[in-house]
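Same chain, two partners: subunit A is paired with subunit B first, then with subunit C.
Our next item is the complex of A and B:
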């Protein structure tokens, strides 16, 4: 017979094993990041030598920042995510409102067509969308990076779900008061959908901050490239670049999202949860 | 009145639908058409070639390699991500030492750009140098080029995908676990039901819809998540880590063979459509446990 035979002892053992397992997994999960931070804040000589008293330095960050136009890339990325989110919220609120509150022929078919985008997203239709941007004369513009994502099937779906929960009596009251449909959407529906909007906003920002392939294809100059594309060019072009500088650049790129996430962790996780509940 | 509403609805829908059709439906259909034509090059216009692009595809060893790789990639990332996500959610759902820290550790990779963390992983895997290798060195194993070796390159990028997405899926499981009434657990405890039995008989069936939802997302990701390939392997060595979407990129934007890239895109869209239709039927039919 093994030692812990009483149920209480067994439960304790279970507990210890669970805690140990959770921590082991968490440490493995953080290891790549911890390693990147280590490399970035120490001189190159300590890249793979883990002396606890190794001198700290910010020089890698300075050198990385000066080695590529990261300031410009930051501006581009911020412009991009702001533009995409604003357009998504306006266009998708309007569409979601129509799906939630109007009856019209072909409504279900149109909604099914919206849902198609959850599976076949613009991320995959690269070749044809590139041609379209060419004929619109938009190649190598920030607008072109964002445009295919303005009408988000996911946003329309989420907002429609939320709008449907708004009691109809509110509409009627507002309509009797002489409020226009647009006024109703803006004054009643949008405020009530605030948690959903926040949730979608966080998902959208992190998605477009991190998006890579489409921006890589559609941009070709420093003035339009977002951070992700800038970083990939920086990391692959100069083969002579030191690792410590590349990891510093990597942390610079992910920094704002990472810091934002750490500060607003609870809201972030809850928002993602909310966005995920269907 | 009804007729007027109709027009209002149209006005509300129009901007979003125009863009949706312009960048999702139209390109999807046009891609199918393009795949039956040749690529226009210089003064030579595109000509109708029927199924030639598809015939070429079937005889293209790189395409076949990409499909096999994608199957392996999916076969690993989907179940492993789902299982790890569930384990993570079970770890942090209740009271546990350092819960906030654990949650953060699991979720952090999700908010980082994959292209950026790929750099970190690249360094991690560096032969005889990276941390992974140092650990192997401590264990007395010889250095190994994880990314440069055709036998391991695909698995090296697969591990990164699992790492990057498991924490995201954990969130959905956490949300699902919160909906399980505590009274069930109490009742089970009174009955003297073990943790494992409770999980197998109560938790697992109740979170089945979430598992399906996550599996579908993981399947889509298995075809869509290729950012790190750009930094880590570029599909190499010798196409050992070539995946379908990366191959589309390479054909379409490195070799500018847009009609072949269109044919490849059609395959991709077909796969995702099958996943979508499958999800529709699975979610509608199989999960009526209530």
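Our next item is the complex of A and C:
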């Protein structure tokens, strides 16, 4: 009745299904990007019409670039994500190390508080954060955009879990050799946590690259505002949506991230795999 | 001599002190952009023009995203103790802002004469969403109203008079039937009419409700809604019938943002959308088009929409008075004409339409006049306490009826119940 299925044939079938599934997902992921590229390099009349011979144009990019001071916004965004990531890595690896290796009173309560931070939506804290930045005199500065994110609960949690998997023997061997606590963190724990750090770095950069509402609220001037605020000029709702300009602007602003990801893709994927397996 | 010199020095010092004090008036002004990139530049030109004429005032115009983003920022900043003096927010946010207790009525800063001449000089239709409880909370600035755009070429091909838009609900169905074209396999190549139902469906729907004979979806105090009134049910039944019974409108939820494109691509021969689209369609439509009032049923009718200036609590009287003076200047005929021509928003005062520039513009773009004429029949846009929640309720009801989850009457009865539960606290 049914064809005899050898294990080899079944493995082949599995392989075909997996590859087909991967291709299907990749296509679904690629479609919006392909549409963005298509509309961005053609005149507006071809937004919703597919004509292979449609005239090509770069005018959408020129118009998008000129609609806002994007050069300055790029500088601001790069300053912002670098500052946030550096501060997060320093503060959070120190905190995670303490949670992973030291015994001190109230440790569990403190760690629970850090975990609570993961549950709180940042949007709820808008007013509180605004007031804090106001009393620090930081309104309309790049520092104010990043400051609330420096002590990231997610990073502390992720690094603590990774540090906990470091074998005690390595730790003790280093201590016997006369390594200080900071040296231990720097020479033993951080190198072993590199995949986790890389994975977290990617998440942090893409999150702060794309963050919109908090930077919009806390900043007012061209000198401090990030790319997303410039991009929002195109997301108008009263009049029709100008897809060709929007997609051109989106490609401009997300371009560096996309290129960066493609260049370092292998490392990213590997680090995610390792971080995930552990 | 010594005495004279002394008094001279004293008076110079006094003048210097005075001018320094006058220089100190700094204003912050939040504005959203809802009609394309150049509106931001126009606002900045406007504030710079004012500062050039009034060197004692320094206005920082801060772009703050969409209307919703601007509201979020204004509330955050006000609660955080750093409110702006001025912001442009949706006129329908009036009750929300009063409820938040962060805005001031304009009346306290105006003389009786100014109240009569300035406040009294706006079209009454715009003031309906700007005043409540005998006080003025908003000054109309970027205001709009929906109109009907029709494709004259498609009208001619369908054997209709290209110069005459449908005047009544029945005519709109008749015209749309003639305009709906199908290919051999029965697929529609051109729809007769398109009334978008995403984005802010309650706004266009208010146009149908008004022409069904009801004066808006809520009372002026913002505490009652009339979702289950027979006129509202009739309006929703008509809207649903366009796609279901007459098959002249694309079925399902129709996207707001894609509507001008659908019109310009010939996908829909008549569309309902805001006057704010006039400049966009005029520049990009490859065919001749007309702009008409929304068709009438019991009576002609349309809602108003758009944004007002709000005055925020928490600044010195000197700053607030300077803010009021700036808004008076910005709504004066010349400035309002510049703003209206640059953006397509409806000039909110009759005196603006009397300026030479506005008259020339109206001759070039007759569509602009349609909006003004329609104001005579305009009703307020839905505005209540807990505005966003109540608006979401009616939007969900409209969507439920369009996709066929509920009949119009059922959907509206449910919506009435849900809205009453929210508004009971404010009665």
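We take it that the second predicted complex is superposed on the first by the 211 of 278 C-alpha atoms of A that agree within 3 Å, B and C clash if a C-alpha of one lies under 4 Å from a C-alpha of the other, contacts with A are read in each partner's own complex, and residues count from 1 in each chain.
Following the convention adopted for this analysis, contacts are C-beta pairs under 8 Å (C-beta built on N, C-alpha and C of every residue); 3 or more make two chains touch, one makes a residue touch a chain.
If you're wondering where the values come from, they're calculated on a predicted model, not measured in any experiment.
Shared-chain residue A:102: touches subunit B; no touch with subunit C. In the superposed model, A:86 makes contact with neither subunit B nor subunit C. Set against each other, subunit B and subunit C touch different numbers of residues in subunit A, with B touching more.
By the touch criterion stated above, A:165 is placed in contact with neither subunit B nor subunit C. By the document's definition of touching, both partners, subunit B and subunit C, reach A:127. With both structures placed on the common chain, the touch criterion links A:217 to subunit B and to subunit C. Shared-chain residue A:232: touches subunit B and subunit C both. Overlap of the subunit B and subunit C interfaces on subunit A comprises residues 48, 126-127, 130-131, 212-213, 216-217, 232, 235-236, 243. For subunit B in complex with subunit A, the residues that touch the partner chain are 2, 5-6, 8-10, 12-13, 15-28, 30-31, 34, 84, 87-88, 91-92, 96-98, 100-117, 119-121, 123-124, 126, 129-131, 134, 163, 167-168, 171-172, 174-175, 195, 213, 220, 223-224, 226-227, 230-231, 245, 248-249, 252-253, 258, 261-262, 265, 268-269, 272-273, 275-276. Considering their complex, residues 28, 33-37, 40, 60, 62-66, 69, 72-73, 75-77, 79-82, 144, 199, 256-261, 265, 273-274, 276-277, 279-280, 284, 286, 306, 344 of subunit C touch subunit A. The part of subunit A that touches subunit B in the complex is made up of residues 14, 18-19, 21-23, 25-27, 29-33, 35-36, 39, 48, 91-92, 94-95, 97-99, 102-105, 110, 113-114, 116-132, 147-148, 150-151, 153, 156, 181, 206, 209-210, 212-213, 216-217, 227-228, 231-232, 235-236, 243, 246-247, 249-250, 253-254, 257-258, 261-262, 265, 268-269, 272-274, 276-278.
Against subunit C, in their complex, subunit A makes its touches with residues 44-45, 47-49, 67-68, 126-127, 130-131, 134, 139, 212-213, 216-217, 220, 229, 232-243.
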